[in-house]
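One structure is given below, represented as C-alpha cells, and several questions about it will come after.
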Amino acid sequence: MDLFVAAFGFGLVSMSVIAIAAVGFTMQFGITNMINLAYGEVMISSAYVAYYLNRAGFTIWFGMVAGALFGAVFSFLLNRILYAPFLRKGTSHLGMVIVSLAVSLMIANLLLPIVGYFPVSYQEDPGRLIRWGSIALTRDQFIIIGIAVVLMLAIHALLTYTRLGKAMRATAANPTLARNCGIPTQRVIDAVWLITGALCGLAGVVAALDSDSFAIANGATFLITVLAAAVLGGAGQPYGAMIGAVLIGMITELSAAAWSPQYKEVVAFGILVLVMVLRPQGLLAKRGALAAAG
Amino acid sequence: MLAATELAPAAERPMLVASDIHRHFEGLHAVDGTSIDVPAGKITGLIGPNGAGKSTLLAVLAGTLPATSGTIVFDGEDVTSSPAYKRARHGLVRTFQLPSEFARLTVLENLLVAAPKNRGDTLLGALRGRSYWIEDERRLVQQARALLKRFGMSAKESEYAGTMSGGQKRLIEIMRALMLGPRLLLLDEPMSGVHPKIVLEIQHYLEDLRAEGLTILMVEHELHMVERLCDTVVVMAQGKVIGSGTMSSLRRQREIVDAYLVG
Amino acid sequence: MNTYYAVNLLVYAGVDIIACLALNLQFGVSGIVNFSFIVFQAVGAYAAAVLSMPPDTANGGFQHYIGGYELPFPIPWLGGAIAGGLLAIPVGFVVLRKLRSDYQAIALLVLSVIANAVITNADKFLGGAAGIALVPPPLSDRIDPNTESYQYLYVGITAVCVVIALVVANRIVNSPYGRSLRAMRERELAATAIGKNPVQLKMTIFIVGGLIAGLSGGILVGFIQVWAPSVWLYPETIILFAAIIVGGRGNNIGAILGALLVPVGFEEITRFLNNSPSIANLGPPGLIPALQWVAIGLLIIGFLWFRPEGVRPESRRVFEGAPVREDR
Amino acid sequence: MPSRFVFAVGAILLLAACGGSTPTGNGLGTGALTVGVIAPFTGADAGLGPAYYAACLPAALSINNNGGVGGRMLSCSKFDTRGEPADAVPAANQMVASTSGLMAAIGCTSDEASTVVPIIDRAHIPMFCMTGQSEFNKTPLKYFHRLVPADVYDAYAMVGSALFGPGHAPYKKAALVFGDDIGSQAFVQPATNAFTKLGGTIAINQPIHLGAPSYRTEVQAMLASHPDVIFTEALGSAGTYLKEVKTQNNGQMIPFIGSSATIDPEWFQQVRDAIGLNDLLKYYAGVDLGYTFTGPAYAEFKTNLDASAAQFPDAPKYKQRGSTLHLYDGIIMTALAMVATNSSDPTVYNPKIIDIANGTSGATVVNTYKDGVAALKAGKSIRFEGAGGQNNFNQWNNSQSGYILVGYDKDGGEVRAGELTPDQTSKIFAAGGS
C-alpha cells in the first residue's frame, strides 16, 4: 500500500509536467485551430537549449527561462514562416496536420546530428528528499509542482480577467466574428503562439529535468503523452487538458505500481481509447474557457 | 394571391409534420418547442430574425442535426430516429446556407454522385467492373444532362464545381438535390450571395418545380421573394413559431410585424 | 545487373506500390488520414509469419510466438490480408465513427505508437522486441529459395499481387462508388445530405485498405523472413504519405509513381551517397539517414506548397458526349 | 529508422566484381577472396560496423603480406544492415549472392543475427558473429561461430561479481533491472537461477519500458524490496533510472553491477552525468572478457591494424576493442583452415576451423598466419591462439573465454578489479544450469 501512496506522490509530479505541456498544446489548437504535431520536437529542442546553457555553467532555472523564450520564438516563427502561409493558402486542417508532422520529422532529424543519439543529463542537484508519510519528493520536484500550479492559475487568470484572454476566447469561438468586432485577430494569434510556445519550451525543460536524462527520441514520447492528455480532456479545452494531465500522470504512475511497469504507458493510452469510444468529444468538450459563448 | 390554407383540400395529408421539436446546444435553446406542418405540393417559407432557429430547425428536419426531443413524421412515416442519409434516400433532401459543392468533382459528377440506384455505387458493384454498372451510369448521365440543360449549365458539365460562381454553386446544389428524386426539398437561403440575375432564374426554377408537384420548405430572408414564391409562411423567433399563414395574413398580425416584418 | 540486387529492388518496389495503392484509397480518394497505416501492414506480416511457421517449439524453441500452423502458400498471404482487414474493424469502430477528421489522424498516430509498444513488450505474443525470425519463404518446401529461378518466381508472384491490387484500386476509383468516396472526402456533411452514409463508406474503405496493406505485409515478410517492431515504427507511414503526396492524391498511377520515387528512389540515392567515402564519412554518424528524413519532410511540405496535386493529379472525369471545354 | 531504405555499402563495387571463381573442392583455386563485414554502419548502432571492419583490414594485411591464401589475395567488403532485421535481409542476400570468393562473414550483431545467420548458413559461408542471443547457445547451424560468450555468461559473471567480487561481503539480495529491448530479458533467467541456487534472493525483477520519461514508481518499488545490489545492463535509460535511485535513496547509491556492454564510453558519460563521478567509481562494478593486449599474436594484430589506417583512418582506435580482436582471429583461423584442407570449398574447410581453434592433442601452437602456414607446410597439426587469446569451441560452435571483474577509472578507462577462480566459475555454471 505504501507503494501506491508513493506512486500517488510521483503522480503529482508527472501530472504537473504533463499539464504544463498539454495546456500549451491545447490552447494552440483551441485558438488557432492548428494541431501542431511538431510540439514535442519544440519541447525537446528547448530542453537541449537549456542543456547547452547548463553545460556552459548556467543554472537550470536560468535554462528554464531560456528554454521558454526559445520555445516562444521558435513556435512564433514556425507559425509565421510555415503554418500561417499554408493556412492563408486555404490548406485544410487535415493538410495542416500532415504539414506539422513533416515539420516534426525535420526538426528531430536536423537536431540529431547536432545532439547525437545518446542521452544527456542536466548538472543539477535535485535537493534533499522531503518526506510526508510514504510520499517522498525532492526539492526540485516540489518546485516543478509549484511551477505547474502557478502557471495553471496564471492561465486561468489570463483567460478570465484580461482583455487579451477575452480576445483569445472570442477568436477561438469565431475568428471572423471576432475580427468584425474589432479584435485584432492577427495580433491575438501571434500572442497565442508566443504564449503557448513559451509553455511548450518551459515544459520541455521541466520534462527533461524531471526525467534526469533525456535523448532526442523523447520528443516523440512527449508529443504522444501531450496528445493523450489533450484529447482525453477534450482538445482545445485548457481545463480539459489539465484534467487529462491529472489522469494520464496518475494512471501512468499507479499502473507502474500495480502491474508490470513495462506497460505503464499502454495502460494510460488504453484509458484514452476508452474515452474515444465512450465520449469522443473528450471529457470536457465545449465547457472550457475557450468554448463559444452563447 | 389566395391564402394557401384555403386552397389546400382538407383531406390532403401534409408532407411533413414536426411536433414539439427542441434542439439545445449546451444550455442554449436554439429550437424550443416548435411544431410545423409542411403542406404537400406547396412552397412553404420559413422566416424570422437572425438567430431565430430557422437553419437549426431545417437541419433537425433533415437529420443533419439530431433533435433533442420531438417527433418528425415525413409523408406518414416517423423519421425522428432515422439518420440524415436515410431521410435523404427517402426523399427528404436539404441544401445548405453556405456553398457546399464537391469542389474537386466536375459539375456533372456533382449531380451523378447524388443519384440513387446506381449498381456501381456499392463496393461489390464497383469491384465487378465497368460493364456491370455502365448501363445505370449512362441512364443517369442522360438524366443529369437533362437537368443541366434545364438549368442552363450544360456548357459547364466538365468543369470542377469548385471553380463555379456562387450562383452556379447554388444551382448545382439544387440540381444535385433533384437528382435524388426528392418529395420534399428543404432549401436554406438558396438566394443568399447570388447575383440578382441568377436570383430571378432560381425563382423561376422553383416555381416550375412547384408546378411539377414538388413540396418545398425554404428559409429565406428576402421578403419580396417570400411573398412572390411562398404559398404559406411560417415565422420563427427565439426558437418558437410565432405565426403562420399567407404573407398578407401575417402582415395583419401586430406582434409578427413587431417581431420581424418591421424590426 | 546483379540478380539479387534487382530482385530486392523489384520486390520492395512491389510491396511499396501495393501499400501506396491501399493508402491512396484511404487518404487520396477518401480523405482518411490513416497515420497508423503501417500497423496494418505489420499485422498482415505477423499473421502471414505465424501461419507459415512451425510452432515456436521448433528451431530449438529460442523464440516465442502464438500459433505456428505451417500452412502452405498462398494461405499465409491470404491470412495476412484478412488480418489487416479484420484489424480495421475495431480500429475503425473506435476512430472513424464519431471523431472529427483531424482528431482521427492524431488518434491513429497515437494508436500506431501504442501498438508498437504493446507488441514490443508482449514478448511471448509475437516475439516482443526481437520479433519473429526464420519465417519460411512461400513454396520453400518445394523450391529451393536460394536459386535464382526462385527469386524470379518471387518477383512474379509479387507482380501478380501488384496487378490484383491495381485492378481493385482502379475499379473502385473509377466507379460510381469511388465518386461517392470522393464526394465524402470533399464535404462530408453535404455527402450525408444526399444520402451517403459516411461512417459506412469510411469503414468499408478502411477495411479494403487494411486488406491490401495486410497483403503487402505478407509479401514483405515472406521475402525478408523476419518481422519485428523496429520495422514498423510510425515514421514508415510518413514515407508512404510522402509518396502519395508526391505522386498525386487520388490517382492510382500517381500512387505507383510516388512509391517508385519516394521509398524506392530514396533507397537508390542513399546507396550512391554511402558508396562515396567522402560523403559517407561526412559529419557525425547517422548524418545521412537523418538528412534523408529531413528530405522526406521537405518533399511533403514542398509539394503541399508548390504542387499539392502531385506529379500526377487526380484526373478530371470528362464523360462521353460532353461539350468541348472552351480553352482559357 | 527507415527499414525501407535498403542498401548495402559497397554494392556498386560488388556489382562490377560479381562473377569470379567458384570453389572446386580441390585446391585453393584462384581469384580474389572476400570477407563480408555484415553489420550496422548507420542507424543507432552505427558504432559497431567500423569496429568489425577494423578487424577485417589487419587480418587481410596479415594474410596478404604472407602470400595470401594459396596466393589468393583477401579483401574486405562492408554490408550495412542498419541494425534492423528488414534491412539486414537484403544486405545478407546481396552479400551471399554477389560476392566472388566469399570465404567468411563477420559481424552479425544481436540486431540482425537471427535474420542473417540462417541466410549465411544456407549459403555455407563460415561466419563469426557478435551476438549474445541465447538462441545461438545450442544452434544446429554448422557455419555459425561465436567467439564471444553468450549473454548468459555475462549474467553468470555478474552473479560471480556479486558473490565473489573484491571489496565487499557477498551480496544477498539482488534487484534485476533490465530493459524491454532485444535480448535484455535474456539475462534474467540465468542470473536468477545462478544467484538463487547459490544462496542469494532476487528482491525484485523489474522489466522496464525503455525511453519512458521517468521511472520513479519503478525505483520506489525496487527500493522497497531493499536489495543489496542492482544487476543491470547498458540501458539507454540508465541515467534516468540510476539518478532516481540515488535521489529516492536520500542521495545514497546502491551498488550496481553492469554487464560487459556497460564498458562503453557513452554509457560511462551518461551515468557519470546522472549520479556523479564519485558514485560511479565507488558503486559500479562491471564484468568483461579478459584480454592481455600483449604477446606475438597481439603484436602482429597491432602492426597490421596501424597499417590499415591507410584504408580506414580510424582503424587504430580499435586496438583494445574485444570484438575487433576476436573477429581478426576468426578470419585468420578460417584462412588457416583453407590452407590446412587445401580447399576453397567451405563444406570442406569449415569443420577444420574448430580443429585449428581448439587444437588436437600434440598440436603446435601458432600465433600468426605466417607461423601457421609454415607449420602446416611442415606437416604439423596446429592450434591458433590469436590476439583475443585462446579459443575453446564447444559442440555448438560457441567458444568460451574467461571473464574478469572490472571497474572504471575517472576518465572512463577500464580498470581490472579481480577475477573469478575456475572453481567459482564452475559453481556458478552448475547453479545456472549450464
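The first chain written gets the first letter, and so on, giving A, B, C and D; residue counts start at 1 in each chain.
We take it that contacts are C-beta pairs under 8 Å (C-beta built on N, C-alpha and C of every residue); 3 or more make two chains touch, one makes a residue touch a chain.
Computed from a prediction, not measured in an experiment: that's the story for all the values here.
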Joint neighbours (subunit C and subunit D) are A
Note down the smallest number of touching-chain steps it takes to go from subunit B to subunit C. 1
Based only on mean CA positions, could you tell me how far subunit A sits from subunit C in angstrom? 32
Whole-Å distance, C-alpha centre of subunit A to that of subunit B, is 45
When the centre of a chain is set as the mean of its C-alpha atoms, what distance in Å lies between subunit B and subunit D? 76
Residue numbers in subunit C touching 2 or more other chains? 117, 121, 235, 286, 292-293
Multi-chain contacts in subunit D: which residues touch at least two other chains? 44, 180, 207, 209
I need the residues of subunit A touching at least two other chains; which ones are they? 117, 262-263, 265
Would you pull the subunit C residues touching subunit D in the complex into a rising list? 1-5, 8, 12, 16, 60, 62-63, 117, 120-121, 123, 128-131, 133-134, 146, 220, 223-228, 230-233, 235-236, 239, 263, 266-268, 270-272, 274-275, 280, 285-286, 288-289, 292-293
Per the contact definition, I'd like the list of subunit C residues that touch subunit B in the complex. 168, 171-172, 174-180, 182-183, 186-187, 189-198, 204, 208, 250, 314, 316-323, 325-326
Complex contacts: residues of subunit D adjacent to subunit C: 1-15, 18, 41-44, 46-47, 80, 82, 84-86, 88-90, 93-94, 96-98, 114-115, 118-119, 122-123, 133-136, 138-140, 180-183, 185, 207, 209
Which subunit A residues qualify as touching subunit C in the complex? 35, 37, 82, 85-86, 89, 91, 93-99, 101-103, 105-106, 108-110, 112-113, 116-117, 220, 224, 227-228, 231, 235, 262-263, 265-266, 269, 272-273, 276-277, 280-281
Parts of subunit D lying in touch with subunit A, wherever the complex brings them together: 44, 180, 206-209, 211-218, 220-221, 224, 236-240, 243-244, 247-248, 250-251, 266, 269-270, 273-274
